[in-house]
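Starting off with a structure, shown below.
Per-chain residue numbering starts at 1, and chain names A, B and C are given in the order in which the chains are listed.
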Amino acid sequence: MAVLEIKGLRKKFGGVMAVAGVDLEVQEGTIHSIIGPNGAGKSTLFNLISGYYPSDGGQVFFKGKDITGLSPQEIVKMGMGRSFQVTEIFPKLTVFANIHATILYHRGEGLRLFKNAGRLFREETEEILSMVGLIDKAAETSGTLAAGDRKRLEFGIVLATKPDLLLLDEPTCGMSPAETSETIDLIQEIAAEKALSVLFTEHKMDMVFCIASSITVLNFGTIIAAGKPEDIRANEKVQQIYFGEDQCSLK
Amino acid sequence: MDIGRAKRGATERSNTEKWLWGGISCLALIAIPFVLEKGFSQYDLYLVIKILVFALFAMSFNLVLGYGGMMSFGHAAFFGVGAYCFSLLLVRASCPLVLAFLAAPFAAAIVGLIIGYFSVKIKGVFYFATITLSFAQLVYILAFKWRSFTFGDDGIQGIPVPAFISTDVSYIPYYFFALVITLICIYVLWKISKSPFGMMLMSLRENPERAAFIGIKVERYRLIAFVISAFFSGVAGVLYALLETSIAPEILYWSMSGDVILMGLLGGMTLFLGPALGAAIMVFLNSFITSYTEYWGLFLGTTLILIVLFFPKGLGGLAVEKYRTWVKGKKK
Amino acid sequence: MPFDPSILFVQFVSGLSRAMILFLMASGLTLVFGVMNVINFAHGAFYMIGAYMAFTLTQYLTGPLGFWVTLLIAPTIVCIVGGIVEVTLLRRIYKKEHLLQILLTYALIFVFNDLIKIIWGVDLRIVNLPKSLQGFVRFFGHRFPVYYFFIIGVGTAVAILLWLLLKKTRFGKVLRASAEHRDMVGLLGYNVGGLFTLVFVLATWLGGLSGAVIAPTVRLSLGMGMEIIIQCFIVVIVGGLGNIWGALLGALIAGQVYAFGILILPNFAMAFLFILAAVIIIFRPYGLLGKAA
């Protein structure tokens, strides 16, 4: 079953066609990657899928339902979680509070004005912190974390909304090779443990070919190629766009 | 590390300390009025009550600024509407105290709803400040011009304060009245700040985008905070009217909005009680300094500049930091 | 009593002259924001200093050229003060969030107000119109103060000079580049600190000039600075923050709104400016000529 289906999605900015009719399918429980050079339209595509931008045409189906034109809040509620290229967290709150606040909202406690927040959902918060490996840093101010830990925290926030599909926009952007491979391991672990589907964009080819079970290649807002990693690797058009390294830096 | 357990331990250890401090505070609060009025002067007790009023105003305001991250430059409107609605009900409609006292904050909350509805959508500190200032000034101008209703720039003189809290003979009865009301309101604000709603507010203060992407309807939450803040600012306005027994349109002017922001800055916007401390400092220092010199602005301005540059967490924030370092030092 | 439509023309000219003053002030404010990303709440203080300096200078320079010399000296003194403020104080808050910038510059207003109080006292001051600019001209059967046209002339001249400065000079090019890419300009080897000081000096010069120019037409009081800064904020919001032409357009609109507002609410024409501000902020949040960030 396709957890995400995109048909003919289009978006124009001024005179530029940022996304020019994209079709895409993500199968349930798989890790799908979108690759393409800078300016190919990857982030725009994510913003369209997650409801951050309105589209100029086309449709997006999530778990079989048409979500075109819905607000980000509504889409999140349906089970799509999103991380950003520039990690978005709540900097002045503690690591614990970042996850805690998310869980509180997600469980519908957001409008409770007179309950003590501190006592609610502590175990769930700690569980997620353990899963992303931040339990030791729970009391630290999240703004002071290193890049890799910030990304973990962001994953934690996304996980707290109990998503079925993860949209990860360049999850290893700006990370060192060590941080990158840690993050990739984390994504695989989380996806496996929670039986999630993942759609992510990336630049680093080695990472993509290691964990993705299917790949879409985007350039100038259109799909150049789509399919299994071996097919993409062999595809001439893709090789023309850039020569990807296919070393597997993981187990 | 089990965070839950660490926290519980800390509470147990300081429970006796808490009771001790609580008891001393209570005694102090009860003793103050008598000490001041008999030992010093009525004026000093008047100042303390004024501190209570502005502490409440500043703490209500801080729900929007410190917790919600919105710098409203128009909160004088809610304070003033509370004061005016209450006074007008008493003076023009001979309304019983309890009814007027209940109605006025709701009037302030309604004004908060209207102004807030348009303002919470606005992004950018400067634009938000200007639009709230603009709306509040329109309220000021309305109060000034609508003489037939609000008495215009004559203001409302001689508000009929009920005998049991009248300040004709002594400020002591009114002190206790204002104290009880203020403490109740502060307790409610405290509960709200510690609630899940309070956490939502802080999240959308920190990162509205991220908040939206965990599903929070940012504008709705901001509006709720705004209306609650307006309500309690209105209560402060009522207490002000009862204290002064006369009010004028000046309380709606934007310099009042500026003052309450400065109180937050002085005491610390990140602390719950910070603005209360700021109010106390400002009211007290204003009275003290103006008895020696007419250049209060110079003193206040310089102090605030120093605070922004060196102690942006306010004097309260500074005190808490010093205390924490002192405690850590003791542990070693 | 029949309504005389030519009074509209009188108000129009009055609105134009007010617009020029607002433009002089707002261009400084918007320049500082565009290049340095700072919102200077205390801009009105420089206006006030300009006006009070004009008062003092015209007391001493009583000859026929007195007023003209004043117009040269007063803004210069003001911009020196501006330079000092920038170097000692403003530099420290460039990297801070807008909220703290607004708070610091708001606190600065208190300081300046009292300093002016110390030097000039609380009495209302009056500056006399220079002989050469006194009197009226007649248009369509109405009398207009000559001084209105002087103000309009000064405003237009400054607008042209600013345009030349920004478009044709190297300094102007660097300013425009800084507004777009602050960090790049530093990397290219320009002394960004010095640049910022110059921009602020220019802005305060404009503020001082507008204060000196308007001085003969108003009673100088300690509340002047506050009044004008709020109007400036509205002007830059209407026109678009960071946009000089926006400042001009905003000033022209605000000037007319105020001038006609006086006909409806004689003491509270500001009400119409507040309504204008609210409408623009809600419907055109980046101003009429501004761009989304």
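One rule holds for everything that comes next: contacts are C-beta pairs under 8 Å (C-beta built on N, C-alpha and C of every residue); 3 or more make two chains touch, one makes a residue touch a chain.
All of these numbers come straight from a predicted model, not from anything done at the bench.
Looking at subunit A and subunit B, not one chain touches each of them.
Taking the mean of each chain's C-alpha atoms, the chain closest to the overall C-alpha centroid is B.
Set against the Cα centre of subunit A, the chain with the most distant centre is C. The geometric centre of subunit A is 42 Å away from that of subunit B, both derived from CA atoms. Subunit B and subunit C have Cα centroids separated by 34 Å. Subunit C has its Cα centroid 49 Å from the Cα centroid of subunit A.
By the touch rule above, subunit B contacts subunit A in their complex via residues 1-4, 7, 191-192, 194-200, 202-203, 206-207, 209-217, 221, 224, 228.
Those residues of subunit B whose C-beta lies close enough to touch subunit C in the complex are 71, 118, 121-127, 129-131, 133-135, 137-138, 141, 144-145, 254-255, 258, 261-262, 265, 294-298, 300-302, 304-305, 308-309, 312. Per the touch definition, subunit C reaches subunit B in the complex via residues 39, 89, 92-93, 96-100, 102-104, 106-115, 117-118, 226, 230, 233-234, 237, 241, 265, 268, 270-271, 274-275, 277-278, 281-282, 285. For subunit A in complex with subunit B, the residues that touch the partner chain are 50, 72-73, 76-77, 81-82, 84, 88-93, 96-97, 100-102, 104-106, 109-118, 120, 122, 126, 135-136, 138-139, 157, 160-161.
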